[in-house]
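Listed after this line are the structures, all set down as structure tokens.
Next, two complexes with subunit A in common: one pairs it with subunit B, the other with subunit C.
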Partner chain A sequence: MSATAAAREDRPGRGFGSERVREALVGYLFIAAPMVLYGILFFYPIGYALYISRYDWGVLGKIDTVGFGNYRELLHDHRFGIAVKNGLKFTLAFTICSMALGLFVAVVVNNAIRFRGFFRSAYYFPSIASSAAITAVALFILSADGLFNQITGFDRAWFGESGTALWALVGLNSWTTSGMVMLFYLAYLQSIPTDVYEAAAIDGAGAWRTFWKITFPLLRPGHFFVSTLLVIGGLKMFDQAFIASGGSGGPNNSTLVPVLYLYRVAFYDVRFGYAASVGIALMLIIFGLTLLQRLTFGRTDAN
Partner chain B sequence: MADADVPTQKDVVPSAEARLVPPAPTLEPALPGGTVPVGIPGRTAFERSRTIVVYLLLFGIALLYFVPFLWMISTSLKTLPETAYFSLLPKHPTLHAYREALSTFHFARYAANSVGLAATVTCLNVFLCSLAGYAFARLRFPGREVLFILVLLTLMIPDQLRLVPIFVMFTNWHLLGHYHGYVLIKLASAAQLFLMRQYFLTIPRDLEEAAKLDGAGYFKTFWKVMLPLVGPAIAAIAILEFEGTWNDFFWPLIIFNTAPDHYTLPVGIFSFVSEYQTLWPQLMASSVIAIAPMALIYVFFQRYFVAGMASAGVKG
Partner chain C sequence: MRARRLFVVLTCSVLVAAVFAATSLGRSDKNGSTTAASGTVVLSGWGASPDELKLLKQVLRGFSKTYPNIHVDYQPITGDYVPAMLAKFAARKPADVFYVDSNVFLDWVTQGLLEPLDSYAQQSKFSSKPFYPSLLNGFKYKGKIYGYPKDWSPLAMEVNTDLAAKAGVKPASITNWATLTAAARKLRGVMPSGSKPICLSPSWDRALAFVYQNGGTFLNATKTKSTVNSPAAAAALNYYVGLIKQGLADIPAKLSVGWCGEALGKQKAAIIFEGNWLFPFMTSTFPSVHFSTQRMIMQKQHGNLAFTVSYSMAKDAQNKPAAWQLIRYLVGRPGMATWTSKGLALPSRSDVKPVAGRASFLADAPAARPWQFAPRFSQVIDTANNELSAVIEGKESVAQMLQKVESTANDTLSK
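So, the complex of A and B:
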């Protein structure tokens, strides 16, 4: 592709009329490969998902036309209900925990007079490590005779009990994501003008009061941006739940999050038609929550 | 007024320039203590205790972030019986777990797959995204804005929606269980294209026009004049792409599910966990193998990670 482009351009103008037509053709040529890929791998699959969702679809293809039957089934699907509930529970806790941890770390790092760059990079490190490897480490540390129990004196397999498995995932994900949250908050912290702090200091406000009365409210655009990212990310969480539960969503469906459920319907039950409708429902839930968040935050921001 | 506070990605990422260069640490801390005017009594004592508290906290947090990794490395150097003793330093450090992970449990093969796939995807994407980013930033053609909106729209389509249709399509096209099937999926990355376009927009037009006057064609102008000017952006998207592919678990799991010799490191770790969960030293050794190369790249190129993170944020 590149070679033909180069060759064509070396012959000035011939056969292509004006310079503008030539420029347009070269433009189309330069974007051709990505655009075709987006068409095949993003836009076509949306339509195809809608199409598949109207069939009972197995390994070998269509089995039966069911129309909206898959969507009707979804409304009464007990396990889908569990998955959505787990997903929302996880997302809420994960969003709050990683925002709190990330903001706390950002405020501390912002205070550092020396080595600020070093601490910033160090804390971001868990965010770039492979999710699979991190989950393996968490399985080890949170196992019944693992390091965590050894330090804290607890005595339980955190991923092995239905009461704690989801919370272990919340802890694991909040820990890895907090580095990213910290970086965003640092950028927002540095955009707060220093004279507000001078005014607060002259009024004799302490560090705690200054944080809650000034820093926290002024970070509102940051809260909105970060929470939007985390809510979407939380609803899409898959890797950690899949690896920690060995693909089962167990124990007792406690880590069955929406995407894991989708995976199981597709590849364990081999019901592609139904899985496609689960995927579409999931996308609608994600869009709906994002919109809701935008509307509520947007309104209070306008006041 | 109403939209003044609604953050878009521009709020966080004011310009391509700012995104690629992480904010330089300011010397003056932007917090109350640092801005109290000199001369207020008790300031130095207050400042000193405050500094001590801050650094204690900083090291405490560092402990929280690093102990799991240190524990991983330490365990990978132990033998299975020794993992019962909770000492950070292994008594008789041995590479036995690494040898076993690499040969008996095929992690050498998985590592080779990961390296090959990540390198292929990165090279192809850097070329395609910079070429298309240049076209969207500089060349004029009908429908350019609409097409660019389509590019951005792909960022909103979640992978979970694409999972079933792409699996069915790839089954029909016999792309499952093949390296090129996976590469094809990773080749469409709008975040990187977006980043390149934004960066090209910041390059002054003069140089290009000079090249054109010299009679250079469009591709030659792109390749010889423009590409060398966007080095930082190339580095950022290359690292972002490499990291994304190296750590990717979802798509390799789906594409290579039935072809264990095609597994990448993350999928290999999953299959090891589900089969031999309690062989901790070997599992930790394989985790080190999956994390260490990224860590090394991070140490040397960390400022580009920060740049990449901004667009990973865009990706959502």
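So, the complex of A and C:
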């Protein structure tokens, strides 16, 4: 091969390379703006929280350097322990209940039933309503002489007793979130190829068997996605616990969840450094749990 | 020639002196302030009820007439007041004048957020003597005044007179724990279903009054150590929780109400322990419910809590001279007289008389201790309230609660 021919052959290669670079540059340019915003709104606050978590930090700034003192204190903080335990209890129950309810509703409204559109909108409605308003209404319904007790015959102040307050929150949140879960599951249900169902029908599988042997396993990516969202959302739950307990996390710490504890440490004890260490610890817990989910549910999804 | 020059010099000196004196007089207002205050001053507080807002605006109109050069920009904060204020402090843009609850005062003053007012008071010869000392002390830190109480209230005992008459109970006869229990026992027979003779809040901002009545304390005099784990406190709390255990009382959640005032209004309870804030609530929400108000019950001694709020100035206030004039007017005699004229609040000055029917509150002024402890004490109160809930639910004993509360308090005090 002559030198000229070699050079000619090289050209398309170089051209391809520069095109790739140009394409990549355009791509990076497109994501630059959101990444800058992401950096300002996420990475900077996380970095800043890490920074102030090493100080006794007051309203007007640094008071004293404590190094890892805040983290050491966190390890022995009884109320933080209660908050994490409550947070995990809530998240586990809320994730399971929301997924079960959301999936059930999704399967129902995925069928060709009459007024399907209406039911889909109706089930999704609690997800778009204000959580503060819904919690306020729930406080009335679940009060000692509220509607719920009058219908069921119970005699309990559901938010007023430490044995039931957290579970009342689980019920409330599962119901409000199930609409969103239904929407995600609907999308995943519609992505399952119909020929699998046809094959099952030919083989004589009933509805129950079809659901457990085909629908449920094929929704695995959906389970991963939905459960990840719910676990993160569950551990970050704040507003309902704040409203239901009047901001105290009571009765008897039963609704004290990690973010509510962080809020109280920051704004009522005026300990921003310590509150930042609570935030970092919470971030690590969420990150760890998400990783765990990825390693269990997500593996097949990746394959 | 020399005499003429001397005359000119003297005349000029006199003129200069006269102009200087006139300027100085102009700068000194009729209330004795030495600095001319003008411009805008921002006033903040938590949201007021329509009646309170009407009165506050009336007070501010009076201020504008006295100080026409100062414009007051009233910016109430709706929602959670403390976090909203802390965000403003952190941004170095706080209101010039604002409410400070005695409960958060120590946290705010130790963070350097408040301006000491002694020099302003001295300069304008503003006397703090008419203020009830126990209330003013709630806003003093290291000998300096950081706020003047705008109003206050202790707890009192309110009794539904219709239910009491039905049960044959004379409210005036309820003066101590024994007579309270006896009255509750009589009332039990006439209470409608779903109600209890007494409503008790599961929180220390009510239970502590019973501890004080029995000679107990929460902190020592120097506020360096918790003294709550004592036989006096244990007896008081056993009595408090015992009323619930005996079925003579219940907490608001169990009575399906938000607070004990609502329980009185809805006739879910016949006896409650609330402050002056109950009056506007009952008048506007339950005007047909008849109730009497009397001095808080006692045991070994009179003991009560004082809930008070100050007008304070921010260290980062933009217009300090005007801010001081506003504080001085609001907590001064005419301002406070207008503010307390409808009985929505009790005056914190002894030279302003409250409206009729509030004698039972004023009687407790010497015995009432401010609802205030030490910096960063909110965590301790949270723990104490949660422990009290656990005791009421039967999950813990009073002795266990007191041990935990004292240990948490001492941990916080030692930091």
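The rule is short, and it goes like this: the second predicted complex is superposed on the first by the 251 of 303 C-alpha atoms of A that agree within 3 Å, B and C clash if a C-alpha of one lies under 4 Å from a C-alpha of the other, contacts with A are read in each partner's own complex, and residues count from 1 in each chain.
Throughout what follows, contacts are C-beta pairs under 8 Å (C-beta built on N, C-alpha and C of every residue); 3 or more make two chains touch, one makes a residue touch a chain.
Computed from a predicted structure; not experimentally measured.
Asks: Of the partners subunit B and subunit C, which touch A:249 in the superposed model: first, second, both, neither?
Replies: In the superposition, A:249 touches subunit C alone.
Asks: Is A:124 in contact with subunit B, with subunit C, with both, or with neither (first, second, both, neither)?
Replies: first
Asks: Looking at A:37, would you say it contacts subunit B, subunit C, both, or neither? Reply first, second, both or neither.
Replies: first
Asks: Determine, under the contact definition given at the top, whether A:159 touches first (subunit B), second (subunit C), both, or neither.
Replies: Touch status of A:159: second partner only.
Asks: Pick one for A:58: touches subunit B only (first), subunit C only (second), both, or neither.
Replies: A:58 contacts subunit C only, not subunit B.
Asks: Just subunit B (first), just subunit C (second), both, or neither: which does A:144 touch?
Replies: A:144 contacts subunit C only, not subunit B.
Asks: Go through the superposed model and pick first if A:189 touches only subunit B, second if only subunit C, both, or neither.
Replies: A:189: touches subunit B, not subunit C.
Asks: Given the touch rule stated above, what does A:269 touch, subunit B (first), subunit C (second), both, or neither?
Replies: After superposition on chain A, A:269 lies in contact with subunit C alone.
Asks: In this superposition, which partner touches a larger number of subunit A residues, subunit B or subunit C?
Replies: With both complexes superposed on chain A, more residues of subunit A are touched by B.
Asks: Between subunit B and subunit C, which residues of subunit A are contacted by each of them?
Replies: 145, 247, 263, 266-267
Asks: State the interface residues of subunit A toward subunit C in the complex, per the touch definition above.
Replies: Subunit A reaches subunit C through residues 58-60, 79, 143-146, 157, 159-163, 247-253, 263-271.
Asks: Which of the residues in subunit C end up touching subunit A in this complex?
Replies: Residues 80, 82-83, 86, 89-90, 92, 104, 107-108, 111-113, 194, 202, 251-256, 376, 378-379, 382-383, 385-387, 389-390, 393, 395.
Asks: Along subunit B, where are the residues that touch subunit A in the complex?
Replies: Per the stated touch rule, the residues are 1-2, 4-7, 11-12, 23, 25-26, 28-33, 35-36, 50-51, 54-55, 57-58, 61-62, 64-69, 71-72, 75, 84, 86, 127-129, 131-132, 134-136, 139-142, 144, 147, 150-151, 153-154, 157-169, 184-185, 187-188, 190, 193, 215, 217-220, 222-223, 243, 246-247, 249-250, 253-254, 257, 265-267, 269-270, 272-274, 277, 280, 283-284, 286-288, 290-291, 294-295, 298, 302, 305-306, 309, 312-313, 316.
Asks: So in the complex, the part of subunit A that touches subunit B is made up of which residues?
Replies: Within the complex, subunit A contacts subunit B at residues 2, 5-6, 8-10, 12, 20, 23-28, 30-31, 33-35, 37-38, 41-46, 48-49, 52, 57, 61, 105, 108-113, 115-117, 119, 121-141, 145, 147, 150, 175, 179-180, 183-184, 186-190, 192, 194, 197-198, 200-201, 205, 207, 210, 220-222, 224-225, 228-229, 232-233, 236, 238-239, 242-243, 246-247, 258-259, 262-263, 266-267, 272, 275-276, 279-280, 282-283, 286, 294, 297-298, 301-302.
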